[in-house]
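Two complexes come next, and they have one chain in common, chain A, joined by chain B in the first and chain C in the second.
Right, the complex of A and B next:
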């Protein structure tokens, strides 16, 4: 870096890393829980184990990793400034961790007291996060569809958490509300309105940038987010309208739209001029193939209801969505963000460019692709275990080892950052 | 004189590294044309804080033409 240039104050590296370092260990807990419970855990989406597993991944792994990524992504991709990021992260991240543990324990052991404590804690922590992020997203002068997708995603997160808190309180207090319908709406907003909307917005920016594809066509980025939002609102109307044909039409339209994102991303990867086969590309490919598998099975279950009569059908879809789509995409993203942040913060120390180690030195390539291979094996075992309960313990063990390996890789990157930083500082003192 | 950096097929952080190197060599009155598929906000912040002006135009194929000159 040229010493005459000064740098903006992006969030300290500890802000995203605080979230990234914790996230994989929720996945480890999910694997251990599955290996420990065995056989019947996956027979239905409503078993205490399945509910606990879902939330270990959703509010443990996914939410931690996505919050950390959003803190970092806002200044880099949309030029916004999050208010006091260090303060918000230092308070919000441990509270989010506590809320996730309370919720999971409440669901697993059917303890109303824990559920009642988790609900307001989520409203407080996620509400605070939504407020500071929304402020940054609405104040930035930037334009473009990544920004709009992030604005819609953060609204999707707010809806998901409000519905989730309502469901937790309803379970704790025995309120008579339509639990199944509300759970379906909560799930749709969480998976599509928050997670997929954010993934799409981030993809518009990072897929061309890091995977060297052509950009997403403008017509696609203009229509995908607003249509997704519209369909989710229509899906939520099932609470008021009890028309099975309407529900079927909305569900099929949602699946078609979701497959358009996956198909477009795979097409861009397939037609790029310079092929890059790094962990991020692989993670995204696994995620998008899982979306297509989800869409095909989901459409099959909708069109042939006798197939969906088996409660394991919903578990199959859940494994594809959570483990297949989001764990893969988020892992691929973290394997790019963490080396990039190491590089960015090292070069800010003011050393010449040549003194800053290459991004490839931050996490060994084989460690990342090896971990992703184990992850694919874990997903395959989980999918098989839905129909063959004898495989459940093995699938759980594979999941736990895979997430532990991810945690180890990320922690290794942070160790390397520290040692490169010490080297650069020591070299600076000599001159 | 215009120096062109086509960063569309480079993996980050290469376009940023090359741009910062080129800024060092940029003479008064010259400009630097950077081609990317995204808006590089971290670079914009560096430009803002170091006395450079830039314009940013979006081509129909999604390429952003970022023209930089010294103020």
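Right, the complex of A and C next:
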């Protein structure tokens, strides 16, 4: 009937964990880099430090975590079969790590050789990931707006990486292409076309599920993704059309659409049936409030260009988007996925369920909320440091400690998984 | 109306009961929590048995698929019953950590299970069993509970 329908095929636990365990340490590197560089790092988005920081978070933390989550999410949520997930993850994840390090080092030290090496490596690894994921997403017989959002997101990732590779080669070889315009388009596709589209698709599925909210209204899920895609295409046309009024209209429309997602999610959370709060709902709330802050300040910069004349305006927006929105949402998600996966895989050993510790035994609740509090403090310090350079080192240190705590929490969960597994085996309770 | 619509509605009803039981116990109101949890246990059991005794056999007969999605769903029903037994014990001993942890685990398991049913299995059942009287029996049993 549905031969390709995967009903219960979560990948081996090592597939998502390989990505999740590495991701926070890129954030630690970002914090250390900032603490080490100090004052001047955040004066503009074009400093070598700012470019390196952005990519430590974007392709180090975010992309690693999102790839791991996508491997887990596709079979469970949209019934897709990812081709040989273990093999793809075993090869792709270390290559992705290497590509990220090469790119960051190339940007930080302005080394054309490293940028030239990073670009094809990204095309290869992310290209391979896009291919297997796209195959799974287009072959599944499932339907629904989460699936469509994921299909659009994976296309967004492909566009982002192709543009990124082009930019890296252009910098390395000194090609004469419009770098600033292309970088803006690359950024929009990465943040909105890939990351936000994926976040929206995942939200349609997990927000009602984790917090017992009403579902996102059908009109919203039907229009949000396609409109976002359309606006990104229009945004990309600025390469050909140099009309400031057109650019302004597109940028304001993008902000309005993005705020609709944040407003809708916050409203659903506010009216949820489940009253118990946890790290995941807090992470999502911080992310959505950051989106609203991004939209308000972004609109302010667009409407009052004298404000945006200061190059630090773009850095302010970058901190809100990367640290405020995506680091928060991803952290919240990992704090739910990892304890559940521990439980799921432990109970599959075949022991009586009473021998399997419940989800709350996997990462202490206080450790998760404490880490999220520190993360909020780090974001606040980063935002302040944009205007008060004296705070930069402190903000970097807070960011590094916060990510290290996250890494420690996740590693602790994996350690507990191992020890519970050993206990179950030692007690002879498994099949 | 689809034959599985009553099951779909009943999922929402169980969600409400879950949220009430969890909130009461988290607030230390064990008496109210106990009542809500007992109601949840009862309703989920009715839901599971309605599927296991009416819907799944009809689907299996109509499609010849006995080891497919219905088998996975039966396995998840077993897991949820086990988890609820743990939660019942935690409730009896007023162990809020154990109850909260069980509730957290049950919620994800239950929601993921419901999504698979609502998005995949129920539409398949509506397709192959649309003309049968299974829907009437399902509605009758769930309404009586």
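FYI, the second predicted complex is superposed on the first by the 419 of 431 C-alpha atoms of A that agree within 3 Å, B and C clash if a C-alpha of one lies under 4 Å from a C-alpha of the other, contacts with A are read in each partner's own complex, and residues count from 1 in each chain.
Operating definition for what follows: contacts are C-beta pairs under 8 Å (C-beta built on N, C-alpha and C of every residue); 3 or more make two chains touch, one makes a residue touch a chain.
Small disclaimer: the values here were computed from a predicted structure and weren't measured.
Undergrad: Look at A:75 in the shared chain and tell me whether it touches chain B only, chain C only, both, or neither; answer first, second, both or neither.
TA: A:75: touches chain B, not chain C.
Undergrad: For A:274, using the defined touch cut-off, is the partner it touches chain B, chain C, both, or neither? Pick first, second, both or neither.
TA: The answer is both, since A:274 touches chain B and chain C.
Undergrad: Taking the superposition on A as described, I'd like to know which of chain B and chain C A:144 touches: first, second, both or neither.
TA: Both chain B and chain C are touched by A:144.
Undergrad: Would you check which partner chain A:180 touches, where first means chain B only, second means chain C only, and both and neither mean what they say?
TA: neither
Undergrad: With the two complexes superposed on chain A, say which partner A:218 touches: chain B (first), chain C (second), both, or neither.
TA: first
Undergrad: Answer with first, second, both or neither: which of chain B and chain C does A:10 touch in the superposed model?
TA: First partner only.
Undergrad: Contacts for A:354 in the overlay, against chain B (first) and chain C (second): which applies, first, second, both or neither?
TA: Only chain C; A:354 stays clear of chain B.
Undergrad: Overlap the chain B and chain C contact sets on chain A and report the shared residues.
TA: Shared contact residues on chain A: 1-2, 5, 7-8, 76-77, 79, 142, 144, 205, 208-210, 212, 273-274, 276, 340, 343, 347, 353, 359.
Undergrad: Of all residues in chain C, which touch chain A in the complex?
TA: Its residues touching chain A are 15-16, 18-19, 22-23, 26, 63, 65, 68-69, 72, 79, 82-83, 85-86, 97-98, 100-105, 107-108, 111-112, 115-116, 119-120, 124.
Undergrad: Within the complex, which stretch of chain B touches chain A?
TA: Residues 8-13, 17, 20-21, 23-24, 37-39, 41-42, 44-46, 49-50, 61-63 of chain B touch chain A in their complex.
Undergrad: What part of chain A is in contact with chain C in the complex they form?
TA: 1-2, 5, 7-8, 76-77, 79, 142-144, 205, 208-210, 212, 273-276, 278, 336, 339-340, 343, 347, 352-354, 357-361
Undergrad: For the complex, give me every residue of chain A touching chain B.
TA: By the definition above, chain A touches chain B via 1-2, 4-8, 10, 75-79, 142, 144, 205, 208-210, 212, 214-218, 273-274, 276, 340, 343-344, 347, 353, 359.
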